[in-house]
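First the structure, in the form of structure tokens, and then the observations on it.
Letters A, B, C and D mark the chains as written, and numbering starts fresh at 1 in each.
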Amino acid sequence: MRGNFGEHFRLSIFGESHGPGIGIVIDGIPAGTPIDEAEIAQYMARRAPGKDPTATARQEGDQVEILSGVLEGRACGTPVCGLIRNTGMHSGDYRQLVGRMRPGHADYAGWVKYGGYNDPRGGGHFSGRLTAPLVFAGSIARAILREMGITIASHIERIGPVHDPSFAVHPDSALLTRLAASSFPLIDPSVEPAMRRHVEEAKAALDSVGGCVECVALGVPAGIGSPFFGSVESVFSTLAFSVPAVKAVEFGDGTAIADLMGSQANDAMTFDHGHVTCLTNHNGGVTGGITNGMPVLVRVTIKPTPSIARPQQTVDVSTGQDTRLEIHGRHDPCIVPRAAVVIESILAITLLELSMDDAATKPNHP
Amino acid sequence: MRGNFGEHFRLSIFGESHGPGIGIVIDGIPAGTPIDEAEIAQYMARRAPGKDPTATARQEGDQVEILSGVLEGRACGTPVCGLIRNTGMHSGDYRQLVGRMRPGHADYAGWVKYGGYNDPRGGGHFSGRLTAPLVFAGSIARAILREMGITIASHIERIGPVHDPSFAVHPDSALLTRLAASSFPLIDPSVEPAMRRHVEEAKAALDSVGGCVECVALGVPAGIGSPFFGSVESVFSTLAFSVPAVKAVEFGDGTAIADLMGSQANDAMTFDHGHVTCLTNHNGGVTGGITNGMPVLVRVTIKPTPSIARPQQTVDVSTGQDTRLEIHGRHDPCIVPRAAVVIESILAITLLELSMDDAATKPNHP
Amino acid sequence: MRGNFGEHFRLSIFGESHGPGIGIVIDGIPAGTPIDEAEIAQYMARRAPGKDPTATARQEGDQVEILSGVLEGRACGTPVCGLIRNTGMHSGDYRQLVGRMRPGHADYAGWVKYGGYNDPRGGGHFSGRLTAPLVFAGSIARAILREMGITIASHIERIGPVHDPSFAVHPDSALLTRLAASSFPLIDPSVEPAMRRHVEEAKAALDSVGGCVECVALGVPAGIGSPFFGSVESVFSTLAFSVPAVKAVEFGDGTAIADLMGSQANDAMTFDHGHVTCLTNHNGGVTGGITNGMPVLVRVTIKPTPSIARPQQTVDVSTGQDTRLEIHGRHDPCIVPRAAVVIESILAITLLELSMDDAATKPNHP
Amino acid sequence: MRGNFGEHFRLSIFGESHGPGIGIVIDGIPAGTPIDEAEIAQYMARRAPGKDPTATARQEGDQVEILSGVLEGRACGTPVCGLIRNTGMHSGDYRQLVGRMRPGHADYAGWVKYGGYNDPRGGGHFSGRLTAPLVFAGSIARAILREMGITIASHIERIGPVHDPSFAVHPDSALLTRLAASSFPLIDPSVEPAMRRHVEEAKAALDSVGGCVECVALGVPAGIGSPFFGSVESVFSTLAFSVPAVKAVEFGDGTAIADLMGSQANDAMTFDHGHVTCLTNHNGGVTGGITNGMPVLVRVTIKPTPSIARPQQTVDVSTGQDTRLEIHGRHDPCIVPRAAVVIESILAITLLELSMDDAATKPNHP
């Protein structure tokens, strides 16, 4: 667990927000897989700050240097290390904070766990910046999945009280293409002004807001995942709950499934041109931890950005006294739009890991 | 992943509902740990069917035979295998189902994954019965945690539309003692009649209902868990999404945290008699994937029991035709009450696994 | 590591020599794999005691009860638990030993590790009896490998000073068939009398002898294994050094390769009917941790049975005094013949695990 | 396995000999551990080429840039990534080789495994250069072990036919200090001329030689390691067989233990000033996979360097024809002296990993 993910598509993440750099080692990329750095850069750009009015003004390059495992544009089959150097850090913004624990942040939990030795600058290893390596890994996973006929997209299901309608039972692939190209993906673009207004109002109030990202994968074959400890939901949620600020993970109807009777929640099945399909998707494409051939539908709730300029009550562990704190510097009043590509990336990693696991135990291999 | 959980308190689960037996191998129990079979039996009884009007009429002993790793009432430090023989099986109840995929069940997903070779009787390896070994493992984990000052309890937060109030920011230990002794645990016992009525109405309608279990752990020290892939939420949700019928996992306010502003969601911190604590617990005792010293609060949503007697539309993969299906036999119209001890068990396993992980990397060991 | 092996063909072993039983959970057997209990029994019989004059007089049934994961003679794809009940135990033989640490045994190491809580009867979890579950797992692995064209056999390369000649560069498959049917496998049967005489002399002297098992796998395709941490040698030796009494693991020429010049140790390569092969096999079919298409050749050195009736000097940790010890009861003066099938089994497990790992990361899966 | 090692002190290695760089991610370093870059550089220098007449003339800096996990000279508790940039590469030396498989190298095995996509330059990921990251990780592990009272050293036990005497049952710590400071460590310095002469003769003959490194750890407490799959020997050999050119791993007397009777191989035990010790160490400090308090003694056999200038017969997979090959460029005629620090490093990693594993399951943690 700690620091490592996966048994087939393996990830080892490293770095601190204000250290020399952040990155990831990916082992298990099939030899010969094309590594398209231009395509990867597009995904990285969707997560990078400064691309949207809702985001911080910081300009991070998030240029990934591939240190190993790729030769002449193709994976060697050996571990790939992607490194992102840190640039434009203003540690000064954070120096004032040492000892003063930011509410809603990992400051106190980390201070206890690491005995005060962890890097506090910019959240250190806890920084949302550490999701950039996940997007890098996800970009490679998505390219492999695309060859398998699997496509992934997401939208901003809500920001505060403003909702975008959910995906249809069988989302249109054209919709997915449109969403994938947007830095503020919505199924109903008409809700964008209300969402942006809500973020602007929070920003003006020196406050922040959260929301929910809904993500779907189309073309996932039935039979991927395992009933215990390797369920689709188990693997996805392991990754999702490693993304800072995530407080809930739902599949299909999620918490709302408790509003239904069994006769409603059970997705009726039928043959459609010889293929088994369901008339509804309350289960989000997963039953018994295994994909059932329907679209895989997940929702991830992201809390309001904990860094706010409003005065907050907290403790100063250096003095042992209560204190008040105002967090200045550049912070997103809402990270939900930037989180969309992160959630898509971890769903891609999940489905690749599990399809590799499935391939390992098929009869008559190799 | 697949079939195995943990790196310190390791679990390997096995068995099918109607095979010779089900069980689990647990490796990592500290040598000398008292193994109290009477206490374990009490936890097993809370999960076993037939104990409550909401449950199936089946009478399962769920007697655990300890095959290894225990000598004269204490753990040897070697792997413990707990075996539960299957008894009172009525495979006849299920024979009619072969080929006909039960909606909401893993039948179709499993049929594809295992190429039709999996055991279909009673759900086979997908049966909710497989949660019994988790309760066995959890019972041992809870005894170890108790020595560390950690106590765990849960309540039925909702069944269908009927809610029980949530835990207070700092739940009373007397409340936890009361809940732990109940087969229908509620913070406000006055809601019990309405909940039972809802279940009875579903049963009368040959239907089923779901709900939510809310679980809390008190006395958890700050500093347990890791930011990536080994977060408290990641490890708990890996286990929770291995429990059949779970569709959502929430920490703290969960999905509702998106209704708050950052200034509300950030739990203000203060010194209380020299200890750092929070005035609220919107984050459920976990920030940055690590415990922060507040009670660890989780919610798990359980869908309505998929086995219902109502006619349902589905497919028959043996004929390639659509068909209709009525599931007879003995099934719980609501499994939420029996699930409570399962959720408590996996939270215990989570916290023990992570506290062991923490112990492994403390300086100056061993 | 501890207690668990593998990422694809996963093993969880449990049990003590004189507890209720010993066994193993195997996860990752491809669904539909035929499970031939009669064939498994033949392998189990080769390891079981009392089958050969060199072995102990104990009569162990070593009957494996399959508790899960098999239906109508085929693997379900879910975890298989194999249980071997312990019978005919004479704990009395060992009771005298408590506190008195048997030299050459794990008694003292285990007493310290487990704080005195481990089961001392018959060596407990350290008993050579725990190799029976490995043979069970290996039997299933061999059946799968056979479908892949891989066959495995071994011979007693030495007992004390008496040697059997090594395998030819390309062993004859008829030889492998003959060896696989023998309880005392030798390439040159004429050495059998000298080997048995050496064992008998040791037995008469209340002493014991060790030796070496050489094992070969034919038909292994090139390309299995990984350079770091998952090399063929790494995986095999992880298992080999889990077999009690093993003190050395060699591949190809092993320690003797230091007697060669590079020009001799480098196996010259050539095309043979369009296939790449080597003229020699000093590297034992593995280069860079990966199979190269030549027979995989391993040697495992097994120390003399530590249980001997001769008086030995040791310590009594219950008194804190030095003492003398005579170990009575029934013990093999030489376990090398019984170990042969164990080594074959772990080589089979190694090759299956690694071929599954290879299948997981092939392009265009699943 | 593949690419990853460890559950507590976790390693993820990456890089190719002639790519941008090589490195390793280490997770599990206790927070606050001093990271002494000067001390690390000393260990790195012992492995680096060009330091000894037996070694290649290449001048590699092997400067490690620490990209994460260290702040102001102490470990943060988060993953540490160490990067070594590749410099002074002469790919031209290798270009001629594409298609022509070097005997004794991983060329053919890797070409098959990776479908021809792996980086062939300088052996790519199979290069002995990849042991540099292991020395970096081992250097950190040794500093932690030193605080636990554990010291490690090794000597060149043999080069070809020339042997250095083995360690005494209880090696003198002054000897270890002397060995640790030498680039050509010998217990009996008088054998150095004969060893060097043997290497020089091989070099003059355009050939190469191998040998054996014997390594010992003093101060290792009893009780570290596990009987199955996590034995001291299993973990060490997993790492040892990941070091290029290793063909045999022995503990204690290793293969020679088959020359002894049980009464000789069983190390007699006695109380020495109240501590349990053995009069001999035929078992190399490990019984039942667990340390027994005696020095941990291992031997690793390293084959002759496969890169030799002599003409060799091999295959050209690009033409499908047999061919002859002369390998020019700068290669060590003997890598044994440089391998010593690598073996010390992996023994350190082994003992730290297992002592952390032991700490995880001690009662009453954390």
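Basically, contacts are C-beta pairs under 8 Å (C-beta built on N, C-alpha and C of every residue); 3 or more make two chains touch, one makes a residue touch a chain.
The model shown is predicted, which means the values in this text are computed figures rather than measured ones.
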Notebook entry, point to check: Along touching chains only, what is the step distance from chain B to chain C?
Noted result: 1
Checklist line | Which of A-C and C-D has more C-beta pairs touching across its chains | finding: C-D
Next item on the list: With centres defined as the mean of C-alpha atoms, identify the chain lying farthest from chain D.
Entry: B
Check: Taking each chain's centre as the mean of its CA atoms, how far is chain A from chain C in angstrom?
Finding: 45
Next item on the list: Report, in whole Å, the distance between the mean C-alpha point of chain C and the mean C-alpha point of chain D.
Entry: 26
Notebook entry, point to check: Going by the touch rule set out above, which residues of chain C reach two or more other chains?
Noted result: 2-4, 7, 13, 28, 31-32, 77-78, 113, 115, 125, 221, 227, 357-358, 363
Checklist line | chain A residues touching chain C - in the complex, by the definition given at the top | finding: 7-8, 28-33, 77-78, 147-148, 221, 224, 227, 355-366
Notebook entry, point to check: Tell me, which parts of chain C touch chain B in their complex?
Noted result: 2-4, 10, 12-16, 19-23, 25, 27-28, 31-32, 65-69, 71, 74-81, 83, 113-115, 117-119, 124-125
Item checked: chain D-facing residues of chain C, complex -> 1-5, 7, 11, 13, 101-106, 108-110, 112-113, 115, 125-126, 130, 158-161, 202, 205, 207-212, 221-231, 233-235, 237-242, 244, 246-255, 257-271, 274, 276, 278-279, 282-284, 286-293, 301-308, 310, 312-315, 317, 320-322, 357-358, 363
